[in-house]
Amino acid sequence: MSQLRFWQQSILYLLLTLYAILTLIPFLWALSASFKPLSEIVSDSIHFLPQQFTLENYHQIFSQPLFLRWLLNSVIIATSVTLLNLLLNSMAGYALARLQFFGKQFWFFLILAVLAVPAQVTLIPMFLILKTFGWLNSYQGMIVPAMVNATFIFLMRQFFINFPKELEEAATLDGLTPFQTFWHIVLPLAKPALTAQAILVFMGSWNNFLLPVVILFDPEMFTLPLGLNTFKGQYISYWNYIMAASMIFTLPVLGIYAFFNRYFIQSVTFTGSKG
Amino acid sequence: MDVIKTRLIGDAAPDVFFLDALEAPFLMENNVLEPLNSYITPDFDLADIEETLLRPFTLQNQIFGIPKDYSTLALFYNKQAFVDAGLDHPPVTWDELLVDAKQLTLDRNQNGRIDRYGLGMIPELARQAYLIRSFGGQVVDKQGYATFASDAGLVGLESLVTQYRDDRTSARPIDVGANSGIEMFGQGKAAMAIEGNWAIPFFQDTFPNLEYGTAEVPRMNNQPGTMVYTVAYVMNRQSQHKSEAWELMAYLTGKTGMEQWTRSGLALPTRKSVAETLQYDHDPLRSALVAGVSYAMPWQVGNYPAAVMNQFNNQFISVMLGEQSLQPAMLRAQEQANQQIKAAE
Amino acid sequence: MRLQNRQKYIHSLLRESAIGYGFMAPTLLVLAVFVVLPILYAVFLAFQKVQLLGGIEYEFVGLRNFARLMADDRVWIALRNTAEYVAIVVPSQTVLALILATTLNAGVRGQTGWRILYFLPTITSSAVLTLIFMWIYNTNGLLNQFLAFIRLPTYNWIGDPAVALKGIMIMNIWSTAPFFMVIYLAALQEIPQSIYEAAKIDGANAWQQFWYVTLPLLKPVTFFVVAMGIIGTFQLFDQSYIFSNGSGGPNNATLTIVLLIYQYVFRDLQMGYAAAIAFLLAAIIITITLLQQWLFGKQTMN
């Protein structure tokens, strides 16, 4: 940054700020709306700040008798899915990028190919399979099919392709088994990739609606998006509840993103101090 | 609803569930619902239930569902706007509506942008199907094929299009930045709207100062007409506990259960006796809705409603926007819908 | 001697394969049961006329579903809409994501703050986004008021088919770019600082470093971002569903392939035909991805 002249820097920060406004305003608008009564949201006047500030929307949502249960279900499912994905996608991505084995190209192609098939046509077959296993209305029905994800196997493969060969060779000479190499050498160096994956997998699982709406029908087993969906009336949209609910969905993801961002930042300051 | 179909395929549907009249024909035809005739006792007093509402759940004299509640459409009008325009009563005929709408359309600061339209309208088949019938047209024939593009069917629709395009006295919610017809009416951006029972609690909660009245939907071609949307309890044919299932249904749709369910006014009772007990036929806001049930067209369009509905809506909006004229657009929609239905059968 | 070498080679190949499959085993098992099996079932359905409700019945119809597809105007309209969409959205969101990531990785002050702000569109729920966009795009909305203010022509952004799809495009670029930004940020972290230092010693300026060092090293990740962008945009559904209330109108202007599939599967339960359309879509996506893989060059792939 130091090489940039003052006016160049000013323009840079101006652009950064303008774009930040574009991303921030809708979010703040939704946040503000979550503190408004429905009458104010649907009234024609446009006020950025709530005129009749209310906590009623949040109160209504939190006082759903099953709210905590839904939250717990969502946390259990999203956390397990994220941890399993981190391990299994990375293993598969690593194998596809670095190991030589018979049929490797075929498997990579297959993983790309399954991504191309829209979920809408596989939903009913998937439902029938889960039913055969007796996994409807269960955590395993939500977790096991989602424990690997072709998208992120593909992502990890692309990350591992540039991985320095020398480290692996050194590890082999030191007598590490391939899994030990992967676990002790490769994974720690792939922290930024794992971080990105963790954030995006968690977000996907947290927001997932298509599968749970079909396979979970016991209200006790609902995830948050499913439970809070009941606020969407058939004829009337309760925007106040929808906004409050969307804030409740969003904040955990934002928290996790902010938390994991340390890993991005850490190495930046490290390299920055070096340069 | 889509979810119920998936669960029925997987034999994982509940014993009793509720079913929209629109989706009923397909499920009745496909033998997934239990016929209820043998369960219904004289005690249950089936005759007390509105005939118009029972018919959508009946196929070849077999009753597959007991309607639990319903809503018709009625004309909602803004009393203040009517007073300001010097109108002392809501329109009774469609011609009156068109004239009144002109008076009610308002551009307060003369900037060429209209601040209040005479009528808020939703250009979807679900809301407008009754107009197709007013000059003798039909939305679908007995086999469920689309027939809405007949000359008789188009007259009523043409009137909607002309009002929107030429008179410019009606508008869609999205034209004015509203998310729904009731929101548009509540915000005062339309002086009239044709909406259902759901509007009443909505206005009470969100626009408590709104002064409005309801009237029966204006007659077109001197024919009374409106839509009725109804939902019934049905029994899964695969149910293992059929007598218990019926007991539950009989309670929920019986006189005591229904009275409790519909007392809050969120939904209208399908039993005449309950409507009388709750005095909805004398209620100043609900009597127009209740009156409509006898002549209303149940919202039901054959075995493949999605094909008919999607094709109609897709093309009708395009007509409203002035991209095509009504007849060719509707003929295309009808043909496309029928191709889809034919392939599905 | 030679024979021994060969045996050794085969032995090591088998050993490597065993290791490779060891790493892949859990993945392959899960994918086989929950992804490949449903797809195979859908392939089977594409050649059948299916009656799923009230006892499942199949009737083999050969290629009839595919013949119907060739003659179905709506499929080709949807395909054209979708292709136009992909051609604009994928390059835009890729470039935007790359710019955001590089800028935020270049050591601007308050990086954490910017990164969190820029991530917001991706996590804001699509219902909220659509509502906000409806509010901005409606005829009396923010955008038109702004355009009128600077004396430019105003549009019926939502109602007018000529612009409806463009409105959805802008919304999609804006909300998807942060997703890929996160991936680019991670990829930028993995580039060793020493490479830049070597480039600096060779006298490369910041722009040259970006063009000759950063971009080539990001190639594998860019391949991912573009491929996933293509898959995601070809499967566009949510926004066009919400904008048109599921009909794809006006006059098919917002019809997309997946919306069409949805209309057939969930509304009419025409699984066979829906599967046929899905495989047409999959074939197109796979072809484009392979083409892209070939364009990106073989050396980055192996």
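Going by the order they are written in, the chains are A, B and C; count residues from 1 in each one.
The rule we apply is simple: a contact is a pair of C-beta atoms (placed from the backbone, for glycine too) under 8 Å apart; a residue touches a chain by one contact, two chains touch by 3 or more.
The shown structure was predicted, so the numbers you read here are calculated from the model rather than taken from an experiment.
Novice: So using the touch definition from the top, which pair is joined by more C-beta contacts, A-C or A-B?
Specialist: Here the pair linked by more C-beta pairs in contact is A-C.
Novice: Starting from the Cα centroid of chain A, hunt down the chain whose centroid lies farthest away.
Specialist: Computed centres place B farthest from chain A.
Novice: Between chain A and chain B, tell me the centre distance in angstrom, where each centre is the average of that chain's C-alpha atoms.
Specialist: Here chain A and chain B have centroids separated by 40 Å.
Novice: On a C-alpha centroid basis, what's the spacing between chain A and chain C, in Å?
Specialist: Taking the average C-alpha coordinate of chain A and of chain C, the gap between them is 16 Å.
Novice: Please output the residue numbers of chain C that touch at least 2 other chains, ranges allowed.
Specialist: Only 52, 131, 266 qualify.
Novice: Any chance you could list the residues of chain A touching two or more other chains?
Specialist: Each of 123-124, 128, 239 in chain A touches at least two other chains.
Novice: I need the residues of chain B touching at least two other chains; which ones are they?
Specialist: 9, 179
Novice: Could you please specify the touching residues of chain C with respect to chain B in the complex?
Specialist: Residue list for chain C touching chain B: 51-56, 68, 72-74, 131, 134-135, 138-141, 156, 158-161, 244-252, 255, 263, 266-270, 273.
Novice: Report the residues of chain A in contact with chain B in the complex, numbered from low to high.
Specialist: 37-39, 42-44, 123-124, 127-128, 131, 136, 213-214, 217, 233-237, 239
Novice: Considering only the defined contacts, which chain B positions touch chain A in the complex?
Specialist: Per the stated touch rule, the residues are 3, 6-7, 9-12, 14, 178-180, 182-183, 186-189, 196, 198, 202, 205-208.
Novice: Write out the stretch or stretches of chain C touching chain A in their complex.
Specialist: 13, 16-24, 26-28, 30-31, 33-39, 41-42, 52, 100, 103, 105-109, 111-112, 114-125, 127-129, 131-132, 174, 178-179, 182-183, 185-187, 189-190, 193, 196-197, 206, 217, 220-221, 223-224, 227-228, 231, 234-235, 237, 257-258, 261-262, 265-266, 271, 274-275, 278-279, 281-283, 285-286, 289, 300-301
Novice: Report the residues of chain B in contact with chain C in the complex, numbered from low to high.
Specialist: Residues 2, 5, 8-9, 26-27, 30-32, 113, 124, 172, 174-177, 179, 237, 304-307, 309-311, 313-318, 320-321, 323-324, 329, 336, 339-340, 343-344 of chain B touch chain C in their complex.
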